[in-house]
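Scroll down for the structure; my scribbles are underneath it.
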Amino acid sequence: MTTTDTNTSTNSSPRDRVTGTPFTRGLGVVILAGMTLLIILGIFVSPADVNQGESVRIMYAHVPGAWLAYLAFVVTGISSAAYLWKRTRSLTWDRIAGASAEVGVLFMGISLVTGSLWGRITWGTYWTWDARLTTTAFLFVTYIGYLAVRGLGGTHQQRARRSAVLALLAVLEIPLVHFSVQLWNTLHQEASVAGRGTDVEMDGLMLFTLFLGVAVFTLMYVWLLLHRQRSLALDDMLDDSGLDNALTARRAEAQGVAR
Amino acid sequence: MSTIAHEPGIDVVIDLVDAVAVLGSFPALAGATLSVCRGEIVLLRGPNGAGKTTLLRLCAGLIPLERGHGQVLGVDLKNDRELVRHRVGVIGHNNGLYADLTVTENVRFWGRTVGATRAEVDAALRRMGLDGRLADLQVSRLSAGQKRRTALAGLVARRAELWLLDEPHAGLDAAGRDELDQVLKMAAAAGATVMVASHELERAAQLATRQVEVVAGQVREIGAP
Amino acid sequence: MSTIAHEPGIDVVIDLVDAVAVLGSFPALAGATLSVCRGEIVLLRGPNGAGKTTLLRLCAGLIPLERGHGQVLGVDLKNDRELVRHRVGVIGHNNGLYADLTVTENVRFWGRTVGATRAEVDAALRRMGLDGRLADLQVSRLSAGQKRRTALAGLVARRAELWLLDEPHAGLDAAGRDELDQVLKMAAAAGATVMVASHELERAAQLATRQVEVVAGQVREIGAP
Amino acid sequence: MSKELQGSAGVFATARLISAKDLRVERRSRVLLNQVLPFALIVMVMFAFALDSDAILERVAPGLVWLATLFSVLVMVSRSFAVETADGALDQLRSAGVPATGIFIGKMLALMAQLLVLVALLVGAAVVLYRASFSWEGGVLLVTTAIAATCGLAAVGTLYGGLAAGAKGRETLLPLLLLPVVAPVLIGATRATESAFGTNGIAISEGWPWLGLLVVFAVLFSVAGAVAFGPLLDD
Amino acid sequence: MSKELQGSAGVFATARLISAKDLRVERRSRVLLNQVLPFALIVMVMFAFALDSDAILERVAPGLVWLATLFSVLVMVSRSFAVETADGALDQLRSAGVPATGIFIGKMLALMAQLLVLVALLVGAAVVLYRASFSWEGGVLLVTTAIAATCGLAAVGTLYGGLAAGAKGRETLLPLLLLPVVAPVLIGATRATESAFGTNGIAISEGWPWLGLLVVFAVLFSVAGAVAFGPLLDD
C-alpha cells in the first residue's frame, strides 16, 4: 500500500509513534495564550451590543466556528482534488481531506450549538426553520454522510477515490449556505463582516475580538488537522503492518501445504 | 472463428510477479507469480479460499493490485487497469443477467456493449443451444443451468482476447460442458488465451494445456497433464 | 451417527405417481413417477431445465403438487405438504446464509431452528472443515466454496430423515467433495434417504446407489451403475 | 450424543432465535444507528423545509415525528427482509419447517425494539427542533403511545414485508402495500402525541381514546400476522 | 463474418443501450406504473391526513407534489440499481470495459423519462386533490420546471445510486446521501411551482429565478456525474 509516502514512515512500529512535533507543541502554547486573550476580550472587555446586549459575546465562538468549518470543508475539497489529479495522487491528500472534514464537522457542530443557544436568547427559540439554519444543517449532514462513506471499507485507495468524488460535490453546498441569507429572506444575520456595503457597523473592539477569535480558531484548526492527519496516517500504517503480518502468515500457510 | 488481432511482440499475455491483492484486509493473493502465453488454456486448481477467484478478478482489472508487478495484455495493472477491461471476457460466480429480459435480449445487450454484430450474437445463441423455445423466455423463468448457458453465450458473443472463467462448468449439463469446451478450444486455437478456475479436475484437465495450482494466495506450477 | 427413528411400515420414503408441478404456467414436472426407499442414495441426472430442481422442491414441500399423487415420508403432498418440512433437509442452488453473521453463528442458527444441540453443531462444523480460521469470519468474507461448505454444515447439523440436495458439489474443492460424500453415505447407512441432483456424473455415480434420469419433466429409471 | 428424530424448535424458541439473529445483524451492520436515524432526522428537516412556516410547523410537529417514523419503517422493513432473501435464507427457513408464527413474532420483536429506539430519538429531536414540551402525565401518554404505535407498525410491517419479500420489484411493492394500512397509526399516534405535547391546546385526556385505537390496531395486526404469516410465506 | 479486435461501444451508443434496456425492464415489470405511482399518490394523501386542514393544504400543495416526487426518486433509484446488482450485472458492465459515462447517461435518461411521467401525473393529481390551477404562462413555467428538476434529480440519484450500489446496507445509505443534496431541488421546484400555480398570490415572474437554480443544479450534477461515475464505480 502506498501509505509509506508519508514523511512519518520509518521502520519503528506505528504503535510507538506520537502525533506531536516541536512545531505542534509550540502551536499549542500559542493557541492556549490566544484562547485566554479571546476569553478575556470576548467576555469582559468588549462592549455589549446595542441590539443584542451581552449575548453578542456568543458571536466570538459562533462566527469563527462557521467560518472555520467552511475553511475545513474547502480544504477537504482541495485535497480531494489533489488526490484525484493523477500527478499529485497520494494517500496523504486523502488523509488530509478526511482529517479536515472531521475537524470541520466539529466546528460546524460548535457553530450549530452556539447558534442555537444564541437563538434561544435573541429569538426566543433554539431552532427555527430559517434558510441559513436549515442549509447549515444540511451541510452538517452531508459531511456526516461523507464520513460514513469513508467508513465503508475497502482498500485505502478505494476509500480515497470514493470519498474524494463526494467531497468535491459536497463543497458546492457552501455557497448555498453562505448566500442563503440573500436568496431567502431570513431571520438570521446578513453578512455583516464580509458583506458588501452593508450598513451595519461594528464597534472596533468587537471587530478586533472577532478577528482574534477567527485567528485562534484557525490555529486550533491547523493544530487539530495536523494531529488528526498524522493519526490517520498511523491508522493506515497499522493496517499496512497488519497486512505485512497477514502476508507472512499466508505465505507460511502455503509452505505448510507444500510439504 | 477468425484469428484475433495480434499485437506483435506481446506473446506473454499475463505476467504477474509477486502480486498481492487485498480483500477487506486479507491478502487473498499473497505474492502470486504467474506468466501465461498467448494461446494457452490454463487451469487454475486449488482448495476453497485459495485465491483463484481473486486471481481472475485481478487479471480482469476488477480489483487493484496492491503490491508487486502485473501486466495483462501489455497493460500495467498498477496504473491502467481499466484499460484491460474491454479486452477480456469474464464470467464469475454470478451470471450478470437481467431477470426481466429474455435470453435473446440479454445476450444481445451484452454483445452490443462490446460492439458485437447481430450475426455474432445469433451465432453465440446457437452455439450454446439457446435458439429454440428458450430464446424468448425471460431469464427469471430459466433453470440454473439455462442461466449459466445464457451468461456464457453473452461471453461467447464478445470474442475477447483473454477469457477469464470462474467455474464455468458449474450448473451445465453434459452437453453444455462439451459445447463450452469446444468453444474454448476454438478460441484458443484462434489466438485467444483462456484461464479457467475449476474444481472438476478430470474434465478441466482434458481441456487445459497447462495446470497451475493456487494455494494460500500463491501460484505453483504443475507439470502438463 | 445413530440410527434415525423409524416408523414401521413406511419404507417407501418418496412415492410420486404422475406428479405434475407448475412454475409460472410451465409444467416443469409433467407427470413424474418415482418411488424411493429408505436408505437409498438416488442420483437425479438429466439435461438443463429437465425439472430436477422442481422435483426436489416438490419433495421438500416447497411447491404445490398440481396433479397426480405424491407422498413423502408418509405425508400426502396434496394436503399437508408443510408437515413434511421439518423432516427433510434441503440445499438448493442458493446457500441461505446471513452475510453479516459468522460461519459459526450461521451454522448454529440453522442448527437451533431444528433443535440441534451445541455438540452437534460443533461436530458439523468440524466435519466440513470450518473449525479453524474460518469459524469466526463473517460469511460476506468467504469464497464461494467456503460459503457452500457453511451451508452444508448447517444441513449436516440437522440430520434430517430425507436429504434433498441440488448440485451440492458445485463450488466444493476435492477434499470438500470427499467429505460430503462420506457424510451422505454415513447418513444413508444410518437409515436416512438421500436424493441428489448433479451434473458431475462420474463423481455422483460413485456415490449413488441408484440413478434416475429426469427428461422434460418426466422420470426414467436407469440401471444401477 | 445420540438422539431421536429432531423436531423443529417451538414457536417461542423460534421467535427468540430469530429476533436475536436480527438484532445481531443490526449490531454488526449498524444500519439503524448510522443510516436510518440520520435519514429520519433529514426527513423531519425536509418536511419542515417544504412547509416553511413557523406557525404551521409548531402545529404539525407531532405529525412530522410520526411521518418520519413511517418512512423509516419502510426502509427498515425492506432491510429486514433483504437480509432474509439475499441468499435464499427465507426459503431455507420455510424448508426447515420452522413455525411461521415464530418467524413472524421474532422479526416483529426485533423490528419493534429498533423502532422504539428510533422513536425515542425522534421525539427528542422534535422537542428540540419544534420546541415541543410535555408534562408528567403527557410523558406517560407519550411512552404508551410510542409502545403501542411501534408495536402496530412492526406487526404490519413484518406481515407485509413477508408478503412482498419474494416478489419482483419489492422495493416499490412494499410502500404501496404498507402506507395505506398504517394510515390509522399515523393519525392515532399523531393525535395522541399532540395531546401529550399540548399542541393547539389539546388536552391530555383527549389523547387516551387515540391510544385505544393504537392498541386495537397493534393487537389486531399482531394476531393477524401470527395467524396469516404462514399462508403468506407459503406461496 | 470475420472481424478484428472488438472495441467496446462508444459513450452515446452505450447510453442508448443502457437506457433502452432500463426502459424495457420497466415495461416488463411495470414497477413505475403499478407501484411507484400509487405510492406517490398515497404519500400525497398521507400528507393531507397528517396536516388535516384545508387552508394549510392549499398553501402547501406544490411542496407536497415535490416531496412525493422526492420520496419516489429514492425508491426508483434503489430499484434501478437493484436491477444491476441482483445478479452481478454491474460487475459485468465494469468488466466489459463499457464507458462509465455512458452507463451514467443511460441510467440517468431512463430515470428522467420515468420521473417526468410521474411528475406529470402528480401535478395532475394536485390539480384535482388540492384544487390547484394555472394559467398559460404558468404552464410553460411548470413544464420547464418539471424538466429541469427531474433532470437534476435523475442525475444526482444515479450518481449516488452508483456509489451506494455495491455497499452493504445500501437501502439506507442512499437516502442519507441523497436527501441533503436534493434539498435545493425541493425548494426550487416548490417555489417555481407555487408561482406557476399562483399559490399564496405569488406572481409567475417570481418563479423564473428558481427555475434558474434548478437548471444550474441539473447541469452541475449531470456534468459531475458524467465525469465522476467512472471513479465511483471503479472499486
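Note that the chains are named A, B, C, D and E in the order they appear, and that numbering of residues resets to 1 at the start of each chain.
One rule holds for everything that comes next: a contact is a pair of C-beta atoms (placed from the backbone, for glycine too) under 8 Å apart; a residue touches a chain by one contact, two chains touch by 3 or more.
These numbers were taken from a predicted model, which means no experiment stands behind them.
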*Result of counting contacting C-beta pairs for A-B and C-D, higher pair*: C-D
*Taking each chain's centre as the mean of its CA atoms, which one is farthest from the centre of chain A?*
C
_Need the most distant chain from chain D, centre defined as the mean of C-alpha atoms._
B
*Determine the centre-to-centre distance between chain C and chain E, using the mean Cα coordinates as centres, and give it in whole Å.*
46
*Between chain A and chain B, what is the separation of their C-alpha centroids in Å?*
46
*Let me have the rounded angstrom distance from the C-alpha centre of chain A over to the C-alpha centre of chain C, please.*
57
_Multi-chain contact residues (two or more partners), chain C_ = 93, 99-100
*Set of chain D residues in contact with two or more other chains*: 29, 34-35, 38, 42, 49, 51-52, 168
*asked:* Please output the residue numbers of chain A that touch at least 2 other chains, ranges allowed.
replied: 134, 138, 141, 144-145, 148, 153-155, 157-158
*What residues of chain B sit close enough to touch chain E in their complex?*
2, 4-5, 60-62, 64, 82, 84-88, 90, 92-101, 105, 109-110, 112-117, 119-120, 123, 138, 158-161
*Of all residues in chain B, which touch chain A in the complex?*
20, 22, 24-27, 30-31, 64, 66-67, 215-218, 220
*Mind pulling up the chain A residues that touch chain E in the complex?*
84, 134-135, 138-139, 141-142, 144-145, 148-149, 152-155, 157-158, 161-162, 164-166, 168-169, 172-173, 176
*Touching residues on chain E, where the partner in the complex is chain A*: 159, 163, 167-168, 173, 176-177, 179-181, 183-184, 220-221, 224, 228, 231-232, 234-235
*Within their complex, state which residues of chain A touch chain B.*
1, 153-155, 157-158, 239, 242-243, 246-247, 250-251, 253-254, 257-258
